[in-house]
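For reference, chains read A, B, C and D in written order, and residue numbers begin at 1 within each chain.
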Amino acid sequence: MTEITVELLESYCSNYRNWGRWGEDDQLGTLNHVTPAKVAESAGLVRQGKVFSLQLPLDGSGPQTGAFGRVNAIHQMVATGTDHVEGAQDWPMGWGVADDTLFLFLQGGTQWDALAHIFHNGKMYNGYDARLVSSQGAALNGIENHKAIVSKGVLLDIPRLLGKDYLDPGEAITAEHLDAACEFHNVEVGTGDMVLIRTGDMARRRGLPGWDGYSAGDSPGLSLLSAPWLAEREIAALATDTWGAEVRPNEIPGSFQPLHLVMIVNMGLFVGEIWYLDELADDCADDGIYEFQLVAPPLNIPGAVGSPVNPQAIK
Amino acid sequence: MTEITVELLESYCSNYRNWGRWGEDDQLGTLNHVTPAKVAESAGLVRQGKVFSLQLPLDGSGPQTGAFGRVNAIHQMVATGTDHVEGAQDWPMGWGVADDTLFLFLQGGTQWDALAHIFHNGKMYNGYDARLVSSQGAALNGIENHKAIVSKGVLLDIPRLLGKDYLDPGEAITAEHLDAACEFHNVEVGTGDMVLIRTGDMARRRGLPGWDGYSAGDSPGLSLLSAPWLAEREIAALATDTWGAEVRPNEIPGSFQPLHLVMIVNMGLFVGEIWYLDELADDCADDGIYEFQLVAPPLNIPGAVGSPVNPQAIK
Amino acid sequence: MTEITVELLESYCSNYRNWGRWGEDDQLGTLNHVTPAKVAESAGLVRQGKVFSLQLPLDGSGPQTGAFGRVNAIHQMVATGTDHVEGAQDWPMGWGVADDTLFLFLQGGTQWDALAHIFHNGKMYNGYDARLVSSQGAALNGIENHKAIVSKGVLLDIPRLLGKDYLDPGEAITAEHLDAACEFHNVEVGTGDMVLIRTGDMARRRGLPGWDGYSAGDSPGLSLLSAPWLAEREIAALATDTWGAEVRPNEIPGSFQPLHLVMIVNMGLFVGEIWYLDELADDCADDGIYEFQLVAPPLNIPGAVGSPVNPQAIK
Amino acid sequence: MTEITVELLESYCSNYRNWGRWGEDDQLGTLNHVTPAKVAESAGLVRQGKVFSLQLPLDGSGPQTGAFGRVNAIHQMVATGTDHVEGAQDWPMGWGVADDTLFLFLQGGTQWDALAHIFHNGKMYNGYDARLVSSQGAALNGIENHKAIVSKGVLLDIPRLLGKDYLDPGEAITAEHLDAACEFHNVEVGTGDMVLIRTGDMARRRGLPGWDGYSAGDSPGLSLLSAPWLAEREIAALATDTWGAEVRPNEIPGSFQPLHLVMIVNMGLFVGEIWYLDELADDCADDGIYEFQLVAPPLNIPGAVGSPVNPQAIK
């Protein structure tokens, strides 16, 4: 077994670095793998007309418990039906309205990371200077570059592959798992695909009374050793049902989320986290079909380094 | 020409009322028209693999100028690349992160109205009591009921039909315009379709220095007389490039957005506003194809009465 | 010992009701007891020139743990020194700026209740209809009525009276305790005074790792039986170092904060909570002086039902 | 007349620099001038028992119109009386509650600048590195250092001195004006005093329909030439009824708020802006007394670079 070291991390960073691959001014990263043909191909996967929403409810019941200073989304009404009924609104002809606001950490629930989300030694994807991300937002690599996201999606359900309900915190997913899952599910993963990797961790936690220890805590997830698989398959995007995609504790002692450096900073891979995959996974297990059209647009927030998303898996 | 009166409004409300049509506990409204077959049909419209984002940038440059107490979205960074470079972050191995928040009025930009958004004489869609929408949010008819939205989309470009760049404020769109546009664009609108109606108003305003007078101001838009067309075609959803879908000033003296009472409260029609249709419209004019797959999921915010949306029109 | 029942609560509500006492349009409540002479008298208590801030830090480390849907204050920077140093700001001549925002529940930390904060059977202080407090804010009894708050302050340190470090959750403070404290501290409490009652509960909790169970949880505090004392002394305001002033669990089975109905709804008493009294208490114990000038202005937020406050006790 | 140049600015910065004056770790700046004796003296100025609130209403009607990305404060209800009356709250025994939140730019209304608010060439007050103010807030010079603010206040009413209603935008106040106002009002300004300088600009603007052009716009205010007066009097704090204290347009071509560099960065002067001085000014004109106790505590927000304040002038 390959030893997981800082040197390995550095070799992955260097081997899978896509800086300049799509031009000096590229901000799309691996979404460049999604061609019009790929978009059209993805639509061809829609046969039954079933649609699955892959977003956790975005409200105060979400998974944030203080890590990184994040709080769950705060939804507030500014006009209500009780006001309407009580005459506290001033509209003609029996007309009434409800209105509301939301405050959210953009990566506090089901989300996409923008390519400006992670830095390594002062650089971000495509070699851009990290200082381009100031209090004014991301001048480059912001989420607005990815406002159209449609491709073929593939679900790899690792606990089903392993015959268990969920992976445990600390349980790492390697390239071997991913290949075995493809075979088990009878799917191929290739250029431009968006791969959804299910650990079962969210399903397990949704059965518990709260989310203690979810965000920033121990978790099953991708091993650093999965990096070659992610890079060589030329996938367009990756999403998991965990808070941080990677296995936790991280495999290199003293490190924090090292695979992010390979995936986001060097590959320019579009990464989603906290995706709700359970209902989709049940359906895939039922009909044996693990590929689908995946439409997952972030909000078009100029300069943002992440976005909530309500991904639609369409079969 | 039919006279536009309170009596007409009341007859429309009563004639096109769908309360109970899909059950006493329905919260889907006209989205019931979208069957699995319709979803599958919509995917069949994808031929070229082009994707258009129909969302205006969601930030401080948006169209809100104070009407209804709304402000534009406020995007704030909580971790930056400048901090990373200056050593103000405390992560190992050169790792750095950017993170951010957003505060928004859910209907302040490109958006969907939930069925809980509008009341009439103490009732909302399906006859539910308006008091179910309190400071705690919408107990019924909230946006979370519509977390999966996929169907065939049709663009009706009214200024192109009329040979002009845009409709003027106060210019009303009638059923006759809609029929003529269908013929002009060589499309049919039927059960379960989502209809995008372009007035050109947003294009005109985007050429001006600011958005003064946009929200709550005078606008081109749907005449109350379009109600029968909307109801009889059994469309699933409607969206426009204006702040409020209806022509303004409203056609019944002393009224405010009367068509909303027909559409949302009585029909249970899903209505989108402030959609950015110009780029899509140019493409439709180029290739002559005005129908496409439309995937437009709101955020899954329990109890919310509206949601931002980044609709994806896929051709 | 008087039995603490619903009937007792109702008799207190009725006996100590100040509705109309200061006019049919009064919104000041017991702050009417503060006359110019009282203000001048309070200044006379300043002898040593010591100033104590009685506000807990207002940030993410505050005492909110989810009760009532409240979260701790969220402080965010929108312009930073790291940006300035890195050239991410665009000002001439070496000029740079930091700027920031705060989102807060107005009663999430050291705070005043406005008289519009509590209702009883559809009424608030002075008999006003509770429906005057809508999503638009409080049309009457809002905090802006109390934008000037200066009077004599008196600290009653109950654990010091009892020779202990703190009162335990569930331990009730009665009129007898308050009288004994006055005698012990050699102070008199009379018309227009603002009384600060220390339980030691905050001191105890600040020694614990977090605030679990503080807000909405069990707590020492005022017995319902203290109501006559509060009313007959004609105090202008009351503040405690607990989240809710009253002893918890509440003394009437099945009730919630019944003394609030007497104090706020009926007396129109200005009530402060979550005050940081420990440093002041130490000083009072040192010099034996338990009275001082108290200047405690809320923010002038029109229509608000509460406000953060940084009270200044000046000796 | 002295020529107002970059060189003059630099000489002021250097001549009036208080870095190290109160120790290498000082974060109080000119508030060091406020001794206990000064606090006690200030209380002696209270004779009539009148209290004036010097805070503009803090809500959506405030003076922000987009400059610096700031918006006016957003006040939102999260529990209402209409909900209470309609049974949408779930409390026993007829109990009901209103609750609310506020989102604000800390310097969007009547406010104090913290010493961490302004930088010059990478430094802030006392020579601290500007990089200490990151997205995490101000590690030094934050507003929490000034949580107790009490001293003698003096109002200098410049338009009354000049026999006019208000100064015009661009009209500069010099040391000569300040000396003349002291003589005119029969007050002396000395060590530890807090000086309120009224231009009448807010009074003029409050008579207009909106605040267009207030924030960041042209304004009467202090000339750079007033710097020696401010420094040599050893005042503790300064506040004005304008958005930025200084005359605008600024006197050095191409500069932005140069006096801030002298006052805040070099002197460590505590500066307040957007103060509502008109009602106090009328009273001072009536009784001829222009000095008073001034109690003006900011909120104790750790790491904040500014704070709203409801200053209390007590005569």
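Please note the rule applied: a residue touches a chain if its C-beta (ideal position, glycine included) is under 8 Å from a C-beta of that chain, and two chains touch if they have at least 3 such contacts.
From a predicted model like this one, the values you see are computed outputs, not experimental measurements.
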(request) For the Cα fit of subunit A against subunit D, please give the angle of the superposing rotation, nearest 5 degrees. (result) 180
(message) If I list every residue number at the interface of subunit A and subunit B, are over half of them used by both copies, so same, or under half, so different?
(response) same
(message) Rounded to a whole Å, what is the gap between the Cα centroids of subunit A and subunit C?
(response) 45
(message) Averaging over Cα atoms per chain, report the distance between subunit A and subunit B in Å.
(response) 26
(request) Two or more other chains in contact with one residue: find those residues in subunit A. (result) 69, 76-80, 82-83, 85-86, 88, 101, 103, 131, 134-136
(request) Name the graph shape formed by the protein chains and their touching pairs; answer line, ring, star, complete or other. (result) complete
(message) Looking at the complex, which residues from subunit C come into contact with subunit A?
(response) 60, 69, 71, 74, 77-80, 83, 86-88, 103, 131, 134-136
(message) Quick check on the complex: what are the subunit D residues that touch subunit C?
(response) 6, 9, 35-44, 46-53, 55-59, 61, 68-70, 73, 75-82, 84-85, 91-107, 116-122, 124, 129-138, 144, 147-150, 254-258, 260-261, 293, 295, 297-306, 308, 310-312, 314
(message) Looking at the complex, which residues from subunit D come into contact with subunit A?
(response) 76-78, 80, 82-83, 85-86, 88, 101, 103, 135
